[in-house]
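Shown below is the structure under consideration.
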Amino acid sequence: MPSENDTRDLLCRLLQAFYGRNWVSGTGGGICALNDEGHMLLAPTGVHKELVQPDHFFTIDVRDGSVVRPPKDETLRPSECNSIFRAAIVERGAGSVMHSHALSSVLAADLAEDRDHIAIKDLEMLKGIRGVTNRDVHVLPVITNTPREFELTDQVEAALKDERYAAACAILVRDHGAYIWGADPMEVKRHAEVYHFLFEATVARARS
Amino acid sequence: MPSENDTRDLLCRLLQAFYGRNWVSGTGGGICALNDEGHMLLAPTGVHKELVQPDHFFTIDVRDGSVVRPPKDETLRPSECNSIFRAAIVERGAGSVMHSHALSSVLAADLAEDRDHIAIKDLEMLKGIRGVTNRDVHVLPVITNTPREFELTDQVEAALKDERYAAACAILVRDHGAYIWGADPMEVKRHAEVYHFLFEATVARARS
Amino acid sequence: MPSENDTRDLLCRLLQAFYGRNWVSGTGGGICALNDEGHMLLAPTGVHKELVQPDHFFTIDVRDGSVVRPPKDETLRPSECNSIFRAAIVERGAGSVMHSHALSSVLAADLAEDRDHIAIKDLEMLKGIRGVTNRDVHVLPVITNTPREFELTDQVEAALKDERYAAACAILVRDHGAYIWGADPMEVKRHAEVYHFLFEATVARARS
Amino acid sequence: MPSENDTRDLLCRLLQAFYGRNWVSGTGGGICALNDEGHMLLAPTGVHKELVQPDHFFTIDVRDGSVVRPPKDETLRPSECNSIFRAAIVERGAGSVMHSHALSSVLAADLAEDRDHIAIKDLEMLKGIRGVTNRDVHVLPVITNTPREFELTDQVEAALKDERYAAACAILVRDHGAYIWGADPMEVKRHAEVYHFLFEATVARARS
């Protein structure tokens, strides 16, 4: 288990990398990871994500979402992803979750039209998702956006429990983006790179 | 209120970031911000925007556009955005404005066809604009390009006063680009990232 | 002949450059090169390719694929590209091979539809492939993906021996990516840049 | 007039910037500039353009293309752009010329179909070309590719003398790329950024 300082540093570097790919621009998106006490380190809301510093994270109790330790900077507020991130931790055993506002995730969700899911197939990169093979038809839930982010929690929890999506490590939110999780921040990095590739490929093929 | 030196440094860093995104290439585009005296710091015209240095800005009287202090480099001339930037400051209380030549802004303006506006909707990123929600239909004015940039001022002022665009923090110029404003340079950074995302998403959806 | 240390350094820098172009994201893709003993330096599998360090390579006997020297880090496993890379070395005299997971390579392979090849023509950049002119119709084999990467070896070997593809320095794998080889790592860099350009151009023209 | 050393440094930095935009990848493309003696500094051929060093340039007599001073590295050969670059210098008074292999330049040339030119209009960025206004219909010659680059020279010279193209600071080569010139390397930088924007915009609009 890496030290909490290393985890905080890594989360900042990942936010910078995600920003460089245009997945968390305009202060959108977010990230979290469990620390070595089993608490959730949660990035603040409403800030430029590439400028988040290691001491900007909230320490959150995973059971109830309460703030165990706030950052020293009292102007910061915890991300609205709080309850959604905790749902992925509790329901799926995730150790880290990222939230993307990538254009490719919005366009991939558009492909669902009036269905509640999209199917991704015929792509080697599927093997980059834990437990998935390149022969699988990988089905991702597509939920409906809400005025406030925490209002997505019920739909997220239902999707996490839905057996159709047992292999999914991501949930698409229509008009909004995606939540992508993994065992730890580096698996989230891999899953985020793979899922965004899958979104881009599936959108490009749908337009060919 | 940050010091004037910090504001000048920040404006240069933002121009470099905007250049890296291809929003101010080929010497196009521009930026300004109010200093701690209430004057406008205005980037020069006709220069490579990513090479603008902190001592290259003109200090402009917001009331009449006159030059209070020119930069030492006497070869520099103030941006033609002068009167447009001041209009956004006076009419909307902006503390900073950027001017984009991004391809996505040109293609978004094309979507207006013979109308004088475009409507952006069904996108979470709308929440990145001050006061806007993801349920809003966000209407942006689209004005007609002119031979000289200052000749846009009348159309800009009319759009700024038009109640249909009360929520807009941007104006699109057909065949040209966009003006995007905010309370200060960091809000302009957020608004610029959000609006360019909205332009790209709206153009991509129109082509699907 | 460069020293083995220089070759290891160069392979790492190339992986970083390829990652920056989104050709080896999500731990996908790979690279190898012959060292000054005629053994193959092979990158590990399942790791973030831009983070590969010079001491992470396996030294492989080209004749049988056995590991002559593993890296010190015992958690590393050799790339599944082993037998495919060796086939390009043996059949074509390659001194280095890269494996791309670029979206453009997947979309270029899609153009084959039910054929076993694609033809690239009318592009000056063809001259960037050793021995190819801009008047050539450059034919690349397109093979069918398999559940495990080493299972591609038979198809790869057949394509390498097929006279129709004598001028090819690349093989496309449907739904997967491409293998691209050259005399040494710098020729692989040139070939990779050229082939990805050719893929992008051919896909863009097919969609116009 | 900058010193020759400064010009050599600047040409290397421009090649790196052009490489970063994918205009001179795969060893393609090139650049030249006049030095303070009125000779042409010409980049070598067949090398990775982002790796060109200040002492890699050939000094060329503009009148006849002969090598006044070769670089110390005897493995280098002068660019095949030699006679084309000199034509732009002689016919148009250019002080610097770049050669692009950008995909956008190939796709823009495709728009000519069976005509010998393309017309670019209704774009503010036209003002970034010396002497051009945003009301102009800017006509660029599109010439036909040849097996060897120097074989383009006759077509280039004819286009440079053609009154239809008096305002052009660029020539498109079908299936190949573009030559873009200006008074000095920084004007070539501006013209290159502007013309590639114009190519991208015109191609995007043609596909809408």
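Should a chain be cited, it is by its letter among A, B, C and D, assigned in written order, with residues numbered from 1 in that chain.
Operating definition for what follows: a residue touches a chain if its C-beta (ideal position, glycine included) is under 8 Å from a C-beta of that chain, and two chains touch if they have at least 3 such contacts.
Keep in mind the model is a prediction, meaning the values are calculated, not measured.
J.: Taking each chain's centre as the mean of its CA atoms, which one is farthest from the centre of subunit C?
T.: It is B whose centre lies farthest from that of subunit C.
J.: Residue numbers at the subunit A-subunit C interface: does the shared fraction exceed half, giving same, or fall under half, giving different?
T.: Counting which numbers both chains contribute, under half are shared, so the two copies meet through different residues.
J.: Just the number, please: Cα centre separation of subunit B and subunit C in whole Å.
T.: 45
J.: When the C-alpha atoms of subunit C and subunit D are each averaged to a single point, how far apart are the two points in Å?
T.: 32
J.: Quick check on subunit D: which residues sit in contact with 2+ other chains?
T.: Residue numbers touching two or more other chains: 207.
J.: Using the definition of touching given at the top, classify the network of chains in this structure as line, ring, star, complete or other.
T.: ring
J.: So, with touch as defined above, which chain pairs make the list?
T.: A-B, A-C, B-D, C-D
J.: Please name which positions on subunit C make contact with subunit D in the complex.
T.: 122-125, 128, 133-135, 186, 189-191, 193-194, 197, 200-201, 204-205, 207-208
J.: Residues of subunit A touching subunit B in their complex?
T.: It comes out as residues 22, 25-28, 48, 101, 103, 106-107, 110, 145, 147, 173, 175-177, 206-207.
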